[in-house]
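For clarity, chains are labelled A, B, C and D in written order, and residue numbers in each chain start from 1.
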Amino acid sequence: MNAEAARGPLLPDMNVSRLIATTLHDEMTADESLLVLGEDVAHGGGTFGATRNLLRTFGEQRVRDTPISEMSFVGMGVGLAMSGYRPVVEVMFADFLGVCLEQIVNAAAKNRYMSGGSVNVPMTIRTAAGSIGVAAQHSQTLWGMLAHFPGLHVVAPSNPYDYRGLLSAAMQSDDPVVVFEHKSVYLRKLSSFRVGAEVPAERYTVPIGSAEIVRTGGDLTIATLSTMVEATLDAADTLSANGIEAEVVDLRSVVPLDADTVAESVGRTRRLLVVDEDYRSFGLSGELMSRMLEAVGPRGLDAVGRLAVPDVPIPAALDLERVVIPQVEAIVAESTRLVEK
Amino acid sequence: MNAEAARGPLLPDMNVSRLIATTLHDEMTADESLLVLGEDVAHGGGTFGATRNLLRTFGEQRVRDTPISEMSFVGMGVGLAMSGYRPVVEVMFADFLGVCLEQIVNAAAKNRYMSGGSVNVPMTIRTAAGSIGVAAQHSQTLWGMLAHFPGLHVVAPSNPYDYRGLLSAAMQSDDPVVVFEHKSVYLRKLSSFRVGAEVPAERYTVPIGSAEIVRTGGDLTIATLSTMVEATLDAADTLSANGIEAEVVDLRSVVPLDADTVAESVGRTRRLLVVDEDYRSFGLSGELMSRMLEAVGPRGLDAVGRLAVPDVPIPAALDLERVVIPQVEAIVAESTRLVEK
Amino acid sequence: MTDDVRLYERMCLMRSFEEACASGVRDGLLRGELHLAIGHEGVGVALEESLRPADYVVATHRSHLAAIAAGVPLRPMLAEIYERATGLSSGKGGHLHLFDPERRFSSTGIVGSTLPVALGHAAAIRLAGEDAIAVGITGDGGTNSGQFAETLNMATLWKLPLLVIVEDNGWGISVAASASIAPPGIAARARAYGLAAFETDATDPLRAVADAAEAFAHVRSGAGPALLVATCHRFSGHYEGDPDLYRTTAEKTRMRELGDPIANLRAGLIDGGADPADLDERAARIAAEIEQLRREVLADSAPPAADAFTDVVASITPGGNR
Amino acid sequence: MTDDVRLYERMCLMRSFEEACASGVRDGLLRGELHLAIGHEGVGVALEESLRPADYVVATHRSHLAAIAAGVPLRPMLAEIYERATGLSSGKGGHLHLFDPERRFSSTGIVGSTLPVALGHAAAIRLAGEDAIAVGITGDGGTNSGQFAETLNMATLWKLPLLVIVEDNGWGISVAASASIAPPGIAARARAYGLAAFETDATDPLRAVADAAEAFAHVRSGAGPALLVATCHRFSGHYEGDPDLYRTTAEKTRMRELGDPIANLRAGLIDGGADPADLDERAARIAAEIEQLRREVLADSAPPAADAFTDVVASITPGGNR
């Protein structure tokens, strides 16, 4: 945590969507080059309420409702960013990355490299990820997919303190940063969070690319992110009651992936469980397991496992959704299995 | 190899683009529901010549030049597939997956699941991947990106026998299959390949989801695919001269990933190197290393490594391209390092 | 029963069906964003009157009326919306993803993505030499998606039997069409891509039925693709639970007073001599039937957990499917 | 020197530049698909005459003439095309990706993707209150991309200072525009999205210069976005090395005979009393200068291997950038 900011006054209790709106507001006040654009961000205040009142404060030129033309308004963001502005573009659901991937990965992500460093693309993409009962086309996280492309930073906060700090960091970054917000948090009160519920009123940043150990423990390391951090902390309580102490690492960033922090922990516990709400294969969980293999070597590991969406689309029915999204009980069971190995 | 077909007459020597055209032709002759559509596939015979003469043989209704509207002609393929046809859609370069991802991952890949199995999407997507000096927006492989999405099969052949066999399998599959062809092979003669240069004239299939051991050796397992198989075989020769015997596994399919074959090999060699022409992070190499961790456990491994594009866009200059695309010398060096570990 | 009374009944059924869905949200039985087409019934019957069994329909996130129009049986449809094992997709698709291959009906939750799929159906019809057309539906907001333009172009190029229906309720969530669609507008776009453009006011269902029939006839005749813009109102929020603060109360009152296709037809029927009590009784009977259906569906069980893992792919591969 | 002779010289320079690139392919020094705009010089000068330093330009895969028109210095541009350390991007971008932020010039190899980026520049101009416009270029084939339609719509909605220039050479690789663009065509599309549409024949460079000036003036006046369709011919194959079998020899001969903007202007100048020998001498001098430039560039070194790893992101993060 940023000790400086943490000493100052705190924000009153509010829900996370308002926290995001507040953060957007504060950064936009501090830097006139910041803009917000996307579907329903202006007059509607955001589908999830995360851009409420920005239009009133900053006007149409800086807070812009767009047509349903994701590819082109993301590309417009690229043009704005290359002209000295700092657009914050909202792609309503992460599942819609498929309609705008080109401008993200071939323009935003590569223009700096292709220009030999002469062009920056300081652009934030906010998108809502995760399951809240909206089935296969509106429940994906997909951070593992975007993380595959060099040139992007990818973050997925888990708690209020990080939502504010990482969003501010993204908006101040000179690089394209994709911020994955989890749909389940928008209507939650800050005070309902186990970790990071106290949020400084002053602006601060959480460094992109740094994980945080949110619970210490010597028996195994559980690395996770976004909403799964709370599920994991709940699981850790149960494990603790069973005599197993889990160290829980909140990755916070997918790219850069703070493998050092995880490796340091795994170096001590020799056991790693990755808990991810993205598809299991070809994503974050495999990457992190491999990074650990590379960092501590096979001899540094006693047991490794992962829990993630088991490579099926997200089903609609609640009973099925619960089978494919990692749950507290599964985290407990898998952790126990790894420790007993 | 399919012993049956292998006993019959062989195709004359030709280049791989003609081999692909021949395969398309033979399957289209056998099954009238097969169609080809994409940019330049009809009158131009394919940018890389891989659809030459199909228009003449099958006519406009079955071989269709499309406007530069990838998203919608891929979506059109989905509609055709849902109506009982078997479209083979060409997306000219894998780099253009960003302009049509939505229809691939939210429709083609998920319609079966979302319909409770009542709808199939038997569709083949052919796309050209890999580096031949065309820089950041025309050199990517991206199989690791697509592999992340459940519901798709993903293959990337390395040799003529598999180009024909896997393409036929894709065209006969009831699922969407993405076939990654490597740009460097189109103009190569069948006879120039180290492996699989003999191609049966009769139709046959190579099973999707099965890897092949193309060289046996006891000191380490190198798993790779596409054009990197030949580079790896070349490296294996050098290694052998140095007293190191590499077992080389041609993965052939990315999804389903034939982890069993690799695990069986690694179970013997205890050492794994993954060589991949895709970006290193969040892709195939990490996934395969993790699968091996899961299959044989950390105690089953002595050393693990990977060579892939080091998470930078592909640079234009040849000298730089050679730095980021795995080369024979690097494979030799990394293999040696792993064996000495 | 006159034909117009039949239309009235069909619209009542459509509305009752949507209300049966809405109550699932109120009762906490349905999660996610449920999009209802209450107010769109004029488009629903216009579609239903002109559709034939061999036609394909690809519908949007607001798909229920189109599904009814296409002949999708109500029970498995409602069961799918309620995510039951007895649903069209055994509860795996949910309300955003209705599929009924037998009725050549499908839908998608992604705006704009309906049209290319419908184009593919139109191409299939041509290839198979069938006497049918493909109908691709979009909202007004969806006409700003690149897929709209791309699809229209190809439909004209290849003169495919595609009818694009734009359910123009004037809003894409909170953004008014006037703020998202540059003039001269949707019909002009269709013409610029070479389609025949038809327009109708679907708050007047009889007019909508007639105008749609013309558009269908154009496409069936082989004259090439067409587009029909059908204006209507969305009475509910964008989804059930949407506070809908972007529209003024006055506006919402006005649209209900003037723009209700069912009330409008009812008034016309009464002007023509129909007995109001009879009409209301018909509506009540239909509502009761749908309520009965809903009860049945609620008694159906959820899909078994193991179902989560099936139907991902059709092929069986030796080592599993990943 | 009259103004028209100056235009003639500029076109000669553009062509010589492209030939200097072509020779790199012939000599095996350039890999990949090099797209040249030989035959497009009428568009090149039309752009050059109207562009001002504060204007933004986003160009396509066939970008060299646009870059020259935007004032990008030739030496680093040619060096980039030859992938040298002295290039605009130190050899990392290559011929498909020319960037010169000082001249507000960029390009992309992805068809259609130029236009949204140009739209963003236009929005930036508005925000900054600059006296400038943004120019987004596409080929005729690119007008079938969804991004074309999406961008045009937003440009009109927000009345942004965007000029879309369509270099209409009648082909997208092997597909004729007539087989990919449904009638009524590109200008009609622009109008349907509310843009002012201009058309010109860029095989007649004087006419193209004048027509482009009008289109630029429209946008500069604040009257809203516009689109200019400039017809021309692509003399080379789609890329250097393209066998170009989809066009008949007769067709290719005819276009060279009638549709060469340089030859056409030369003929006009001679008609107006210019000395052919003088004109040829000017062309030869320019060709020699460009050849000299090429020699210099060839002497430049390739970028050092370590460069492959730099410039991926701007931020420095504690544990590296992945």
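As a convention for this text, contacts are C-beta pairs under 8 Å (C-beta built on N, C-alpha and C of every residue); 3 or more make two chains touch, one makes a residue touch a chain.
Just so we're clear, the structure is a prediction, and the values are computed from it rather than from any experiment.
Graph distance from chain C to chain D, where chains that touch are one step apart, equals 1.
Should one ask which of A-D and A-C has more C-beta pairs in contact, the pair is A-D. Of all chains, D has its CA centroid at the greatest distance from the CA centroid of chain C. Distance between chain centres (mean CA atoms), chain A to chain D: 40 Å. The geometric centre of chain B is 35 Å away from that of chain D, both derived from CA atoms.
Separating the centre of chain A from that of chain B, both taken as means of CA atoms, is a distance of 32 Å. Shared interface positions of chain C, i.e. residues touching 2 or more other chains, are given as 89, 91-93, 97, 108, 110, 144-147, 150, 153-154, 157, 179-181, 312, 321-322. Contact with two or more other chains is made by residues 66-67, 69, 71-72, 95-96, 98-99, 102-103, 106, 113-114, 135-137, 150-151, 255, 257, 281, 311-313, 315 of chain B.
Contact topology of the protein chains: fully connected, every pair of chains touching. Interface of chain B with chain D (complex): residues 39-40, 43-45, 47, 65-69, 71-72, 95-96, 98-99, 132-138, 280-281, 310-313, 315-320, 323-324.
By the touch criterion stated above, chain A contacts chain B in their complex at residues 71, 95-99, 101-106, 109-110, 113-114, 135-137, 142, 144-145, 147-151, 254-255, 257, 278-279, 281-287, 289-291, 293-294, 297-306, 311-313, 315. Within the complex, the chain C residues that touch chain A are 31-33, 83-84, 89, 91-97, 108-112, 141-142, 144-146, 172-175, 179-181, 245-246, 302-305, 307-309, 312, 321-322.
The part of chain B that touches chain C in the complex is made up of residues 35, 61-62, 64, 66-67, 69, 71-85, 87, 102-103, 106-107, 111-120, 122, 150-151, 153, 173-175, 207-210, 255-260.
Contacts from chain D toward chain A in the complex involve residues 56, 58, 87-93, 97, 99-101, 106, 108, 110, 113, 115-128, 134, 146-147, 150-151, 153-154, 157-158, 310-315, 317-322.
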